[in-house]
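Both of the next two complexes hold subunit A, though its partner changes from subunit B to subunit C.
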Partner chain A sequence: MRSRKGVLPIFFRKKSLNQRASTGPKQVPLPHDYKEISTSLKENEAYLRQEFANTTDIVFREFYMGETRCLAVWVDGLINSRVSHDLFRSLMLDVPPEVSRKIPSRDLADYLNRHFLPFYSTIRVEDMVELKRWVLMHKMILLVDGSPVGLVLDAETPPTRGMTEPVLESVVTGPRDSFLEPLRINTALIRSRLGDIRLKSENFIVGRRSNTLVTLMYVEDLANPEIVEEARQRLSRVDIDGLIDSSILKELIQDRRYSLFPLIKVSERPDKVVADLLEGRFAIVVDGSPQVLTAPTLFVEFLQTAEDYYMNPIVVWLVRLFRYLALFVATNLPGLYVAVTTFHQEMLPIPLVFTVAGARETVPFPAFIEALSILITFELLWEAGIRLPRIVGGAVNIVGALILGQAAVQAGLVSQAMVIVIAATAISNFALGSGYELASGIRLVRLINLVAGSVLGLYGIALGFLAFMVHLTALRSFGVPYMAPLAPLRLREMKDVIYRAPWWDMTRRPALIAGEDLTRSKTPPPAPPPERPPSQSRRK
Partner chain B sequence: MEPGKISERQLAFLMLTVTISTVIFFMPQIAARAVEQDAWLTSVIATVWGLIVAVVIVALARRFPGQTFIEYLPSILGRPLGKLVGLLYAFWFLSVGAFIIREFGMFLNITIMPQTPVMVFVVTITALAFYAVRSGLETWARVNEILLPLILLGVLMVIFLPFEHMDLRRLLPVGVHPLGTMLVSSFTSASWRGEVLLAGMFIPALVSTCHTSRNLALVVIIIGVILAAVEMAVVAVFGGVDAGQLELPVFSLARMISLARIIDRLEAIIVIMWVLGNFIKVCAFLYCSVVATAQVLGFREFQFLLLPVTVLVIALADNVLEDVAEFTDFLSNVWAGYSLLSFEMIVPLLLYLLVLVRPAEKRGAA
Partner chain C sequence: MRKVVVTLLLPLLLVTGGCWDQREINDLAMVVATAADVVHEAGNEQVRLTLQIANPIALVPGQGGGGGGGGPGAPKAFWTVAGTGRTVRAASLSIVERIPKPIFFGQDRLTLVGERAARLGITPLLDRPLRNRETRRSMYLAIARGEAKRVLEVEMPTFRATGLAISNLFDLEGGRQAIMPVDFGEFAYNLSTGTTSPAAPVVEVVPQTSISAEDRKSLGAVPQAIKVSRVAVFSPGGKLVDFFDEKETLGLMWVLNKIKTREIIVPCPVEGPVEPVVMGLVRSKSRIIVHLEKNGLPSFEVKVRTTCDLWEHFGTHPGLLTPQYYESLERRVNTSIEREIMHTVRKAQSLHADVFGFGEEVKRQHYPEWKRMAQDWPEIFPVVKVTVKAETGFRHRGLSVEPVTARKEHR
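On to the complex of A and B.
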């Protein structure tokens, strides 16, 4: 029972479920006590005022419709003022006075609901406690004296900012919209791109205190039903007081307690999420978070970008090779440099040995300390670059480039070769593709490899590589092996790993992730039209 | 007993890595010392012995589906004798594992890190193998799927890149050495090939077993081809006599590689190949000794035995084979008798004959 916390109570009360399905968004409040709405508005108002005591941002608006007293309650700032204005105009000015006389007061609320509420979505509620909760979930509620029914009016305009271009996943070609904080906007962005009736969305309310709306989206016949069920289970298992961002949810529902590598993908691009949905993954949209989660995730996806699918596939193949190179450099170069210069000088070509040795002549520290200090400096600069206000950002650049770089080399504290190595590492770190998380995660891999390389040389590097390989292959994302299709090896699905096949050749969805329907495309490959004789008109 | 499942391709890849990761480093020298330029012929003959082991082990597994090699020993030999032989096998896995770890450390010690004690390598690689085996058979079988292509790429580079130093006339005349010497040398060569015996421990974990015998036979043949190619390359570069004198001919081969002074000094590749391949090999033997021990003693779980067996392997590895000379001597004189001619080929063959002779009796008993 605990595990299905958010879902169960509505099954107990079939009636309210039906009505909800016909009118409004299917939203499920948390389980709670039940308190019937009284026919006396005074009583209801007293209850609400007591519950919302000491809350100045909750508006109680009392008004008369003809002779009947009504009460609207909402959270100030979350309701579209034009819509609420329309409501009051319609009820206070447009309702003919005989209505309240003709209609028995018990049915008045329902009558109003049918005839006088110009809202695109209303919900009829008979439970006071649930009604109270709707106020906190950004809805406006309306009570009419004499009717034991509360109306929930959807006039929500959550505070939001304008749409911007994606910050972390920018592209040259391709769509430029990105997710925003309000959930409705995000689901709309997804739905507007994927007009399939089989794109399903299920709502969950997560957060005992925050009552955050979370939507699970998937395409019914593309997603593997077992994986979707697993996602549902994990979502309903979450029991936390507040859910502030999707990244928190990610940590709560991933497969492992600790993992250096992201097991659930986070994206701010609607086109990417839609592409994931079409590959049979599911998406989780969290209200208040401009980043949408998608899973199951594979490691290789973090070396891909949205743009890979819009560019010439031949170029993409080259770019991806560079990304794999970047991954190697970003994780191994400092360690490899220290290992080779301290343990295996004989492996370097002789001219290079002289160059490196000459550069290191004045350096008073062992190569390991030298590498570590520049690496730490780089990490500090990175962190400072993110946190510093834009206005002072320039100062960091000057300090970093001039003082730490040039002055340290001129003073002979670090060698030029080492600065070049770390610079190459730093650049590679951000040339990995779309995974900022991967980029920040492999910092630790790099440090460990540096230590391993300085203690055990080339052997240490190989050990480090093996250890991370074991860690990576042991990982799973919602049951799907993380290193697929490399390990387990699936040659059929290698079309989107090291290279990207042209779209006419991407005929199948990934079988490890997707459910039944594996056919992605049946487009015949492009071919020139059959040769025609030169046209008549030309001859004339 | 094993909760994970692996595919037939993963098993074939495992067997390839397990065998290839050490045989190509030691066998060229042993073979060249015995039969000089005919070294590659011993690899061809050894393929026959390897095929026998592969076929027998699959045939036995067919008779006892869902059981590992250790589990069906008592059903063939009777309980007391079966358990005893099982115990011997458990010790064989353990001791061969210790030899491998020791030779792993010695190789690194003499090639790239002469000042680091062998024990450092022994402990680190065993600790890593411990971590991998604890993560499950599925995991390290998958790791191997990433490693094997890298290893094979390295092998191909070592075979083909020193082409400017090769003189194929050094391979002539072919087949001048007496058959007896070649046979003896082929036994040593086949002792590595016989490590497909380990498949007997993995077959119950397979998802399907339709192509197992074909796959294992292919594995044995592929290893034969690769080993023959390596031996030919070694002889073609150094000549039959000199190849027998070198301590590690393949390592010297990699040192010769120099292509337009761009691709130069590929010892690093050898070292990486050696570490990657041996990691899987250590995993395989560690896993087999743990599982065999658990099954002989009748436990249902084997995870809890992993730590003690790992410690035991390290302790054993510290005490076998003092130096390289002793090690080479062991490989050329003892190894064949300890593996192929007893545990790997003769015993399974006898077991299979017993099964063939006594089927009626067994059916009657059932």
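On to the complex of A and C.
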């Protein structure tokens, strides 16, 4: 394990980890109670009916297999009706009557499981409480009179929509499928791209009431075992009533209570998650959420897009430069503009200074108020654009464009220069790459910079920059420095930061994240075939 | 909790200290050019400061000015205001009373000093701009023939402010012909050496060379224009001594490395001065080498290396194909350069004005000896031996070879 022993203890806060672990992780999966399944179906049924009293969406189907009484229980609407139909056909019509006579009733359920249940998967359960829970986790259960065993039948068809293209992370080239709400589909999308037996998945049931299935996925020899263990610990520490979306889980398990910057990446693209798994990260899939979490996360990742890896690397280098420029503009431009026009008027070249001063001549507000009011208008438009139903959206656009672009300038309330500055800022805000979370976090950075710039000028901007740098470099994502490989500087891993190295050159995985196997590629660089001596036949 | 409170309160601390020097950009009277004169007023010498101030609203298309102050009645883009006082600062204070906005010198591009003020001594006029943190040392300095105020009052048809026009001219055409831009810091530095005679370009108000018939009718007098050329030479003490003419200025510019490009007219190697050849200077670099003579006096060797193109051959004869022709041209350019420089050297020595900074060169190259002679430099400079060595490389002769008629004769 190379020099990790030397470097990592600084970044992994082992001490505080142990302290937290001592509060006692909840045993996952639940249940805590245990109740043996009785041989008497009547007793079992009574128990279940009592437990599920006053629930109209649970189906109790009683039927006879030959002479033996059976009971199937499931949640209406979550079970594939064709498959359940098969079950009843097989048990009620296809089972020869002598079976129930020949087989002792104790073993009948197991016998049926082996011979007469045409399902992908069944689980044999001896605990009544667990069996009850499976009903709530979209499964069908089967009880046979005389057998102290319950069968869990996987006939799940959760309500879902069809495959769609990614909404937030769209690309021109590259795969176009995106995650959906059901967990099984999402894990399948990942597994279908990564057919490695060492891709492991572990199940957790999170949510005391919601019983949400959460799957932790990682490639065993690529992921750093310490980081995976940390992830397990944090997942088992979660004790909440319901887990509605992966973003909630993200907030519960990230390294800090508060941070402006996303410490865990959220993605709706299977190809991105697979790429992260191959870099030694782990993924957390939450049932009911079309976004998968991956971590440890670095700041620079939010300035990358999936397409960066499919496009010409030379073009990507240029595009990434623009993204870093966009980051600078989105965070600093309004503050810088106010600072320069109110403190450092001598910095502007002569033609520009007259243009700015002339444009501001009719504006009744100080530059700071001017900038703030347009920024707030922009934020309101942004928010309105997201929230409003699509039918009304057009109206907002028209009003926004008219108010901002035309009326305000013509009325002399804001200057053209300021509108251009804020427009450039707004555009840059969305040109950041794949980081919608970063884009929304940056809004606050921008406001703080604006205040700092208008109070202290360039000095204030520099102070603000310094403060954010201190914050950023102090952040960790599952113990990995957030600003790596910039701080700590790791030149060998700069191949995917400012530029993206061609694939044949990306030979190693990021050492701060990945575990043992750091070799990513051994492909020789592309080269023309060796020159052959001119053949005889050609000379003719 | 206390941490949170402190964190929230800390930024407020910044607000208490900040903002005090905040000024909105449109609340400033932006000075683009300053003219300083010394006038005899109310019984004693007074400084008269003239400021050229921008009126930005007239400079923005589509606002206020309707095209930027073109039509009659539209607000003027620049205006001048003058004030007098015992000192420069006092003069600008008297202006403060007359304009509604605080004066801002951060965009000042040009300082003009009137001839009379320069003759009386320029040093006191330089103090305020050098001491003030708004004013930039990279602004240009020029000496006005006559009153400096008159220069800023000239209305130019193409350029809205004379001050900006002059600084533009220095930016774009400095180093061509006898236009030698000198910035404020450079001038002040030369003055501070105590031995070098600073030189500054000269601005003159001249009548326009050509005006339309319509204008001639409507305007009574011939409109005025600006001419920038030549330099004014100061004594090491900061008093205007003399003006160089164009030829002397060009010689100075060779030595000071101020030439960017220019024409050098030499007589044709074949036909002589009847058919002059115009050589175009592409690059030039000069160096001053100081030698110490046996008698303890320094002697100076000015080395000029240039590259020239053939720009114009004003003649009819053939013969431009031979290498000898170009070698001869190079020799003629060399001679021309050497003559120009020597001419200036003799003029400077007769004025006792070390415009080249020869003294500084001795200081740099032979510091121990310089300490001995620094005191006597004003007496030494007029008698030092100066040699000039020019070395010209010919680059190319343009698109054509022989004069057009010459080609016909060959056929």
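What we mean here is this: the second predicted complex is superposed on the first by the 502 of 540 C-alpha atoms of A that agree within 3 Å, B and C clash if a C-alpha of one lies under 4 Å from a C-alpha of the other, contacts with A are read in each partner's own complex, and residues count from 1 in each chain.
We adopt the following convention: a residue touches a chain if its C-beta (ideal position, glycine included) is under 8 Å from a C-beta of that chain, and two chains touch if they have at least 3 such contacts.
It should be emphasised that the depicted structure is a prediction, and the values quoted were computed from it without experimental measurement.
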- Query: After superposition on the shared chain, which partner residues are touched by A:F343: those of subunit B (first), subunit C (second), both, or neither?
  - Reply: both
- Message: In the overlaid three-chain picture, which partner chain does A:L458 touch, first (subunit B) or second (subunit C), both, or neither?
- Response: first
- Item | Partner chain(s) touched by A:A474 [first = subunit B, second = subunit C, both, neither] | first
- Is A:L194 in contact with subunit B, with subunit C, with both, or with neither (first, second, both, neither)? neither
- Message: Quick check on the superposed pair: does A:L486 touch subunit B, subunit C, both, or neither? Answer first, second, both or neither.
- Response: first
- Message: Contact-wise, after the overlay, does A:A431 reach subunit B, subunit C, both or neither (first, second, both, neither)?
- Response: neither
- Identify the partner contact of A:L466: answer first if only subunit B is touched, second if only subunit C is, both if each is, neither if none is. first
- Query: After superposition on the shared chain, which partner residues are touched by A:M494: those of subunit B (first), subunit C (second), both, or neither?
  - Reply: neither
- Identify the overlap between the subunit B-contacting and the subunit C-contacting residues of subunit A. 343, 346, 456-457, 463
- Task: Please give the residue numbers of subunit B that touch subunit A in the complex, ascending.
- Result: 7, 9-10, 108, 112-113, 116, 120-121, 124-125, 128, 131-132, 135-136, 139-140, 142-147, 261, 264-265, 267-268, 271-272, 275-276, 279
- Note on the structure: Listed in rising order, subunit C residues that touch subunit A in their complex are 11, 14-15, 18-19, 21-26, 28, 30, 32, 54, 56-60, 63-64, 104, 106-107, 109, 134, 136, 164
- Contacting residues of subunit A [partner subunit C, same complex]: 341-343, 345-346, 348, 350, 353-363, 366-367, 451-452, 454-457, 460, 463
- Message: List the residues on subunit A that touch subunit B in their complex, please.
- Response: 343-344, 346-347, 349, 456-459, 462-463, 466-467, 469-470, 473-474, 481, 483, 486-489
